[in-house]
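One structure below.
As written, the chain order gives the labels A, B, C and D, with residue 1 at the start of each chain.
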Amino acid sequence: MANFVSLSEAVSANLNDGDTVAFEGFTHLIPYAAVHEVIRQGHTDLTLMRLTPDLAYDQLVGMGRVKKMIFSYVGNPGVGLLRRVRDAVENGWPRQIEIEEHSHAGMANAYEAGAAGLPFAVFRGYLGAELKRVNPNIRSVTCPFTGEELAAVPALRPDVTFIHAQKANRRGDVLIEGIVGVQKEAVLAAKRSVVTVEEVVEDFDDVHPNACVLPGWTVTSICHLPGGAHPSYAHGYYIRDNATYLEWDGISADRERFQAWMQEHVLEAKPEIFAKRVAEMESAA
Amino acid sequence: MSKLDFTPDEMMTIAAARALKNDDVCFVGIGAPSAACNVARLSHAPDITLIYESGTIGTAPDVLPLSIGDGELCETAVTTVSVPEMFRYWLQGGRVTIGFLGAAQLDRFGNINTTVIGDYDHPKTRMPGGGGAPEIASSCGEIFITCKQSLRTMVEKIDFFTSFGHGDGGDAREKLGITTKGPSLLITDLAVWNTDPVSKEFVVSSLHPGVSREDVQATCGWAVRYADDMDVTPPPTANELKVLRDLKARTKAAHGGAKKEKAA
Amino acid sequence: MANFVSLSEAVSANLNDGDTVAFEGFTHLIPYAAVHEVIRQGHTDLTLMRLTPDLAYDQLVGMGRVKKMIFSYVGNPGVGLLRRVRDAVENGWPRQIEIEEHSHAGMANAYEAGAAGLPFAVFRGYLGAELKRVNPNIRSVTCPFTGEELAAVPALRPDVTFIHAQKANRRGDVLIEGIVGVQKEAVLAAKRSVVTVEEVVEDFDDVHPNACVLPGWTVTSICHLPGGAHPSYAHGYYIRDNATYLEWDGISADRERFQAWMQEHVLEAKPEIFAKRVAEMESAA
Amino acid sequence: MSKLDFTPDEMMTIAAARALKNDDVCFVGIGAPSAACNVARLSHAPDITLIYESGTIGTAPDVLPLSIGDGELCETAVTTVSVPEMFRYWLQGGRVTIGFLGAAQLDRFGNINTTVIGDYDHPKTRMPGGGGAPEIASSCGEIFITCKQSLRTMVEKIDFFTSFGHGDGGDAREKLGITTKGPSLLITDLAVWNTDPVSKEFVVSSLHPGVSREDVQATCGWAVRYADDMDVTPPPTANELKVLRDLKARTKAAHGGAKKEKAA
């Protein structure tokens, strides 16, 4: 059953150096506050997985905390490349990182298989794609009825998944609305999970019966952390801070500027800052 | 190029928009494809179904999204599904008629590279990678591609096969067991290219107004072929231009302004 | 794009003798009105599929319209056995029927694979179960990563799927709420689909963004048919007519009584009768 | 049996309910298991998570459902998911601690038949079949079974292996690669049976009040074994009986009454 704790407690109770970790979120509801707390606590040698590593993973990689990254699209959405990841892959700065690269279909199916307790996922993919050549985890199975050869990838099973969600109720059930991405799968596939939420409400009596809800007994720790998805957004709470995504391109272009920014905005900051950061972004919706 | 009352970029977007039909179901790549698809929706194809890989189906944004998961895509969608469902039921399910992709590096057979420049293990430039594209390229009924011409983009040989087009041409797709049509149209800032039905290479079918064959070849890394019955692309109509410019202006106001202007 | 037609038109336009047909619904939203219209129109030699063939399939089997049935639980829910199906399987009355039997997990995964455009489904199932011996469509695949042997079944791909749903909007989008069963999968897996609905509304603007919605372009025909799920129920409209399920045990126990009942309540009835049948069952919810 | 102020059926349901813990996640079969699970929830295990195969997770019905998909299961659930998701993420995902099944035909090793009496291809009686049970039997942490004793139900050899228990005993599950515990408890109207840790056959661990060993053997088709330290099942408490009888009364009023009484 989920326990309600501070973000600091949740990170130290659930994450260990060397863990395989997913901070999931598909443009929407990216758990930035959790990523920053992990950076502050000094965790390192992490294997990160995510379909769309964005600024959050650029920051973890740039701070040298990442041993390996499993991903399908490593960009700054709508802006361009991730310059800290490029620096690590192209120049080994601040350290070499291993990469395991898939397509979105491959990653999404692999999380689905993880949530479903299967060892691998089957889908029609990678036809003619060169990723098959460079990723030994892309294999194939043959349909026992038609003989068609299909792609197979191992299930993703993180040690810990971090997500941000709109609401928890007092029993620890978690509600995710809007672009739900692969968050439900990433939590169900993981051994442990930490959910930061915008709001804690009494119950979900007014919620649609088929809404995306994670029952409290599927979640390890919940932290009430308004604004915890900034600069991404929380449907119904605040909009995406596109300006920050655009600015990141400049901040991350230079090693020293990046480090100074991380010092000021992450290492010397506290989780509570996130509520202030979204104050200007709050949506009437 | 002679002086025109529209830019090559506008001509590209509008020519790309025209290729879409009202009953299409279109899987929309971000950037240039997104502009073209929404211009189509706001002009001649009001009922077109636009799908973004974030899970938003039948979306109708008022401004262009900066990312494939902007909030407005969900707010205006017919429904929003999980990403595993998107790739399983909707893309792999064979329901999408057009996949509309951009390209960082492209060859004459519609093979696309968005992964690395240089060697995969020691890249000169690490690009974002495939995202949804490898399966968009094989699962959609056909593929439209749009990009600006340059010798860096349109190359004789791509560095990495992120998304498979027609391979080395001919029946390369059939040989791999791919049953969909693959790249059938390329719209650049200079020309419209169709796919040769036999060789499967891109062939210029119309030059945009004011563009010469020399302009096209100067910005293309392979030896350009032209159709026998070459056309000039009809210039943008006043309405097409208005739709595009209004959309861009709304987009700029929404994304580019000061923070306080962005609050809904 | 879905067209709005009468049930009579929808059935004659979409169904042919010999078709493979799913009338799906998991206790909730069972498309009885459509089944009765199919019986009236005389369609026969059908291959039926459904996880939970209940009274509807008992009626189709008892009327001799069924060549083959693919299923996982052939009972009268909460009451007992299906006596017309028993008579067909045990005594060949009124005709022999072929059966292909799965578990719920097998059927659900097979519809999922159908919706996903895959030729087969993979899951961990049928371990030690004897259905493997009697159903040649239960095979296996080996995980290319762990070597684990998993169950494989062919995808279900009906020629036509019939479902009942709560609402359509003017554009033909369909909303299903509550116990959603496998209806979305059954429609997406099918070549053609017919949806009867309780209500046609202007738009779905007030509907949850992640509700179970089938866009209009995925549906072939829509029929406005209030009460069309009776004696099952429609969440938010009317409750289950449990008394009818209990009564069926007696009606179906005797061939002549069954035939007389079908004559009066199906062959001589019209689709409009369903609205009257649920008038007493209407829920304040 | 001596005259008691509760019925054997009530004792069975209450003894079955007692086996469930507050933190269990229980996949509920219809009929006798459903009554036991809801009595547990309404007495000593208020936070138990009850899951029905219709997709309802964490449901708390006020009356017993007639079917596994009654509306109240959804209305009171924490969430309701699709049936494919139920079997993939929730059952196969290994999240369920207890699968609670009934049985039409049962052997001493907890193998269950609900498919056919007689030969599969030419059955004497065609029963409903497995439904969710074959995978409930292999995917849940452990399996509890409840049924009334009779020579027709508890047999030496079942006609069809619908759901696998312990096969022919011993390490039969391990040999098939099944990692879950399998049937560990059988609650009948006469006794509570545990599973022998080595042979894996059911062994009576307690007789219900007033029940004799002869009663048990007379209604069981295999040679009954008894535990060394036999108990008498504690009789129902006043509160347990009240919870069960109130539940049954509410259920009867809701399902059994005239149509007009049933409208919400």
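Heads up, the rule we're going with is that a contact is a pair of C-beta atoms (placed from the backbone, for glycine too) under 8 Å apart; a residue touches a chain by one contact, two chains touch by 3 or more.
Just so it is clear, the structure is predicted and the values come from calculations on it, not from any experiment.
When the interfaces A-D and C-D are ranked by C-beta pairs in contact, the top one is C-D. Averaged C-alpha coordinates put the centre of subunit B at 41 Å from the centre of subunit C. Between the Cα centres of subunit A and subunit B there is a gap of 28 Å. Contacts with at least two other chains are made by residues 112, 116-118, 123-124, 148, 178, 180, 184-185, 209-212, 235 of subunit C.
In subunit B, the residues that reach two or more other chains under the touch definition are 74-75, 80-81, 88, 92, 139. Shown are all chain pairs that touch, namely A-B, A-C, A-D, B-C, C-D. Subunit C meets subunit D in the complex at residues 26-28, 51-52, 71-75, 77-79, 81-82, 85-86, 89-90, 101, 103-105, 108-109, 111-112, 123-131, 134, 148-149, 178-182, 184-185, 212, 233, 235, 239-243, 245, 280-285.
Residues 116-120, 122-124, 137, 139-146, 148, 150, 152, 154, 177-178, 180, 208-212, 235 of subunit C are the ones touching subunit A in the complex.
Every residue of subunit C that touches subunit B in the complex is listed here, in rising order: 1, 112, 115-118, 173, 184-185, 188, 204, 209-213, 215, 217-218.
By the touch criterion stated above, subunit D contacts subunit C in their complex at residues 30-31, 53-56, 65-71, 73-75, 80-84, 86-88, 91-92, 115, 120-121, 123-135, 137-139, 160-164, 167, 172-173, 176-178, 255, 259-260, 262-264.
Across the interface of their complex, subunit C is touched by residues 23, 25, 47, 49, 57-58, 74-75, 77-81, 88-89, 92-95, 139 of subunit B.
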